[in-house]
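Heads up, the next two complexes both have chain A, just with different partners, chain B and then chain C.
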Partner chain A sequence: MSESQPGRLLPWALVTPALLWTLVFFVLPFLAMVVLSLTHHDDGRATFENYRQFFDNPSYWRAMVNSLQVTSIVTVISVLLAYPFAWILAEIVPPRLQRLALVLAILPFWTSYVVRSYSWLLVLAQNGVVNQALTGSGLFDTPLQIANTRAATVIGFVHFFVMLLTLTIFANLKQLSPSYRRAAADLGAGPVRTFLHVILPLTLPGIMVGAFLTFVLAIGDYITPQILGGNNELLMPQLIMMQIGRRGDFPLASALAIILMVVVTIAYIVCSRWLKIERT
Partner chain B sequence: MKTAGKILVSAYALAIYGFIFLPVIVLVLFSLQASSFPIPPFTGPSLRWYEAVLSDRRLMSALFNSVVLAGLSSAVAVTLGFLAAWGFARYHLPRSSLMRALITLPLTVSYLIIGMGLLIVFNWAGVPKSLLAAGIGHVVINLPLCFAIIYSQMGDNQVNFERAARDLGASEWKVLFLVSVPVLWPAIFASFFLSMTFSWDEFVIAFLLTRFDTTLPVEIWNLLRSGLNPRTNAIGSLVFGVSIVMALLLELVFLRRTRR
Partner chain C sequence: MKSVLRKHARASALAAATVALFAASPVFSQELNALIWCDHADPALLQPFEEANGVKVNVKEFEGTGAGLAIVEQSQPGDWDVMVIDTIDIPRGVEKGLFAELPEDQLPIADIFPEVKMDASTVINGKRYGITEKFGYNTIGFNNTKVDPADMQSLASLSDEKYKGRIAIYDYYLPVIGMAALALGKETAKLTEADLPAIRDELMKMKANAKLVGEVTASQTALATGEVDILVGGGEWVTAGLAKENPALDFSIPKEGAVLWSQALAMFENSKNKDLALKFIQYIMSPEGQARLATSSCYWGMPASTKAALSADEKKTLRFDEQPGFLARAQPYPSPDADLDKKMQDIWTEMLQAQ
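And then the complex of A and B:
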């Protein structure tokens, strides 16, 4: 290279700060967590006790099962609600209004996380808007218990991920070249067949990416289950935070967090395999 | 048949819009409640809870902390991300793809784990819980984002500008600040604002790493202990307003530029 006036140090001077930051404040803490998860809470000796506790204690197991169930339900419902919506925005809404329609559809995305969950609590509370509407209209005699149940957690999550998925699926549908649709029409396919055999398969990889993102973000979230679901049934992030906050048991919290990470990684491997099959 | 389909489609779209907007409308409506419970019937409109919130010192200092934290941590994240992106895009470094993967790695890990890891290390190192500690955490989550966005925008066409500048005798640092920064401005701006919104909204890391001086999401969390309260509605509506303004700025300044 002829353009090496300040020597070979410059490129390193450029990339080192970012690398160092990542090493010191991300890699090192993560390794510290791994080490800590292998030590005993009381005396600090090396042990697998924390991991064993997870497999021995049914209530810890239960939190993982709850997390997987809630996250799967949320992912499926969100995709099923968002896909037709994104399709309507991309195909039915006139092009000049599409941008506005989309911006509107993701506007509440910008509410703060904590505030969004609180807002759902307002809506779903014992004497909140939904229950007053239901009892006021005479449909129900007694208010429904929604807040502090799994249903509330699911509703709060679905709200957020419908917006996220609408955005990604919309982008996906818009990327499809119109010639696919024309070709299908030329070959005699009606709108339904075109959708089922052309549009849907072509957008499936994008849906998988969105679904996976939903899964990862939902399973690691503490706010939504804590505010909306309450403490009646615990999800993994709640269990982890409980070890930190109430009990100060960092080794166990670390072990639980690492187990959760392993589960997410397995989900990623399963998902990426599925994606590859779809593409070939 | 056709009209039935149209009705069905409109009904579905309206239902989803209703679902998406329901909590926001309820939040903002009952922030204007005159009585002290944010539940129907609506007794407002009244601005008393906004007054209460704006004269609340804890909330206002938390708001200030959040703004400063978001601004500074985003500035650090963008600077580090930009320098690294430039270094990787313009020079051949050994094991470049491995190092790039390392920088983007934190994107794959949940905030809870990042916050916990930092808390453990800071405990060991004797770093007290503080806004600075939370700021370090926010740079960790935003640096990979800034790096990825800016790196993806470093096309080869910009190399020509930089070559021209070098041929005309500019030093590397001059090329960097007088050519590359202006050319990449949209990407830098976008990543800065995206970082701001993420930091502004971030809860778990701030919750774990701060104690007395804390951020707005954590302070709102503390408010939630008192149950449903119109004060929470008022501050929540204000936060929503600020976020919308940030989002619109991003849309107006950044997206318009790229479309040109």
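And then the complex of A and C:
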């Protein structure tokens, strides 16, 4: 029996708003950005000059290298911290308290991102709480230079992304049926072996989704490195913003943004094997 | 019946609340749309004008001429009435046909410090397109209890080993490149591409001594919290606003000179409220407006008008009476053409990336 006409149209009708939204707010602006990136700032003529500048100028290259380094460090540290945290929340905290524990964990994120970054700057400053604790306890004679360094940028990022990863990994752990563990135990596996060979592989999609989100959000973030990094090195978003400030060089800024987008796409392709929403 | 009454009562209450809401809000017959820097967003500056004229001033903040001009390009003609802009960038707006001629006879031009009138930028083909409203110096800001004030009389101190790790650099390439040029004995108004290698080396020396390169808030915070003792590119715009909380913050105009920054007001050619826009400019340039602008909560700066109604304390904080000497030693903001501007930004990027 053939499907009726209204029945065939219904899926399209349902998906059309989303398609239109994507077309108007992503595809068209993206195409406009591509076109803009291929024009010259001064006279608007067509050119590849903006892309050539990125490959010719070592300072621009350096910004991409810095971005990749910082983002990779942040992603790895965030995963290493978030997994045990999510595990404790999912396995040790009683179910009736889990919601409360999650709310408490994300409570600091109800404050403004900018305010939180400036707060970190004060905490990590030479006269800040961290250095006062380190020198006061006798661990160090002189304050450490933490604020306005790459370390400060990483700390600011990790503080934010650990929570994001905790939520994705927690959701993954909660979806795991207890039968997996029982089956592993029946087959003679101890807790460590069960974790390494059963739990970890099954939660890998959650880790990868969280890690990918961390990578994407961190590599495009301007606020944290700008406030905490002290501009002692430039990351790609800062380099992009520099082109806009006084000179209003939107073509070069667009080209740099597209190059950054290509890097994110490559990261997606690398991770795509694990980035599956459905459970197989 | 009861429900009908209740419905009427509810409707009456809603109407009364609406009337009360409108009665409580000021009624404005006109609105002025201003593209501004953060100092113009201070209610203490805008309210007297709004109340005196029964108008609402809608403001949009931006940083950097490029960003400001981009906002204008993305707007409809007539969306904006006035704009705050670097005085040296007024010709950029005039070239694009954005700005209207200002009537000189209706503005207190004679009250402005002669050095900041900057007619080369504000008067084009005999027509005035902008008026300087506020100025100051990109120079050396410092904590006078932590450094030797005598050292702050020379730009050479900025690359002195003695101050290594105690310096912040203001993150804006034009004024700091101007300071590097001054340190090399060059005139900021005559910089060419041939000067860039030496300026680059000077910037690298400064960077090697610096702990951070920060935008306004970050560099101000660093100086105020003691993270650094010196701010390259700082001046009264950093120290004056903090003078009450931290009187040790000071600035010098070193023997090599300082870079003069100045901001101006311009009126849009397509403004639908040119009379109101002119009134706004007249208010800002009035003694009262000048005082309020100079002491804006966002940042302080010298009023362009010699007749600004500042208190004795405010004048002392801004070092008002020392201005003739300061202005004599100050040099203008570098004003490169597009090509040189790009090259300057590139050496700045290189400096930021240097480890």
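Brief remarks on what is shown
As a working rule, the second predicted complex is superposed on the first by the 243 of 280 C-alpha atoms of A that agree within 3 Å, B and C clash if a C-alpha of one lies under 4 Å from a C-alpha of the other, contacts with A are read in each partner's own complex, and residues count from 1 in each chain.
Everything that follows uses one rule, which is that contacts are C-beta pairs under 8 Å (C-beta built on N, C-alpha and C of every residue); 3 or more make two chains touch, one makes a residue touch a chain.
These figures come from a predicted structure and were not determined experimentally.
By the document's definition of touching, both partners, chain B and chain C, reach A:250. Shared-chain residue A:227: touches chain B and chain C both. When the shared chain is aligned, chain B and chain C each come close enough to touch A:125.
In the superposed model, A:165 makes contact with neither chain B nor chain C. Of the two partner chains, chain B is the only one that A:88 touches; chain C does not reach it.
Taking chain A as the reference chain, the count of touched residues is higher for B when chain B and chain C are set side by side. In the superposition on chain A, contact is made by A:115 with chain B only, not with chain C. Of the two partner chains placed by the overlay, only chain C lies in contact with A:145; chain B stays clear of it.
Residue contacts after overlaying the shared chain place A:63 against chain C, while chain B stays out of touching range. Across the superposed pair, chain B and chain C both touch chain A at residues 118, 121-122, 125, 127, 227, 244, 250.
On the chain A side of its complex with chain C, the touching residues are 41-42, 57, 59-60, 62-63, 66, 118, 121-122, 125-127, 145, 147-148, 226-227, 230-234, 239, 242, 244-250.
Taken together, the chain A residues at the contact with chain B in this complex read 3, 5-6, 10-15, 17-19, 21-23, 25-30, 32-33, 36, 81, 84-85, 88-89, 92, 103-105, 107-108, 110-116, 118-123, 125, 127-129, 132, 159, 162-163, 216, 220-223, 227, 237, 240-241, 244, 250, 253-254, 257, 260-261, 264.
By the touch criterion stated above, chain C contacts chain A in their complex at residues 63-67, 69-70, 165, 171-174, 211-215, 217-218, 221-222, 225-227, 338, 341-342, 345-346, 349-350, 352-353, 355.
Across the complex, chain A is touched by residues 9, 12-13, 16-17, 19-24, 26-27, 30, 38-40, 80-81, 83-84, 86-88, 90-91, 93, 99, 102-103, 105-106, 108-114, 116-121, 124, 136-137, 139-140, 143-144, 147, 163, 166, 171-172, 197, 200-201, 203-204, 208, 216-217, 220-221, 224, 228, 232-233, 236, 239-240, 243-244, 246-247, 251 of chain B.
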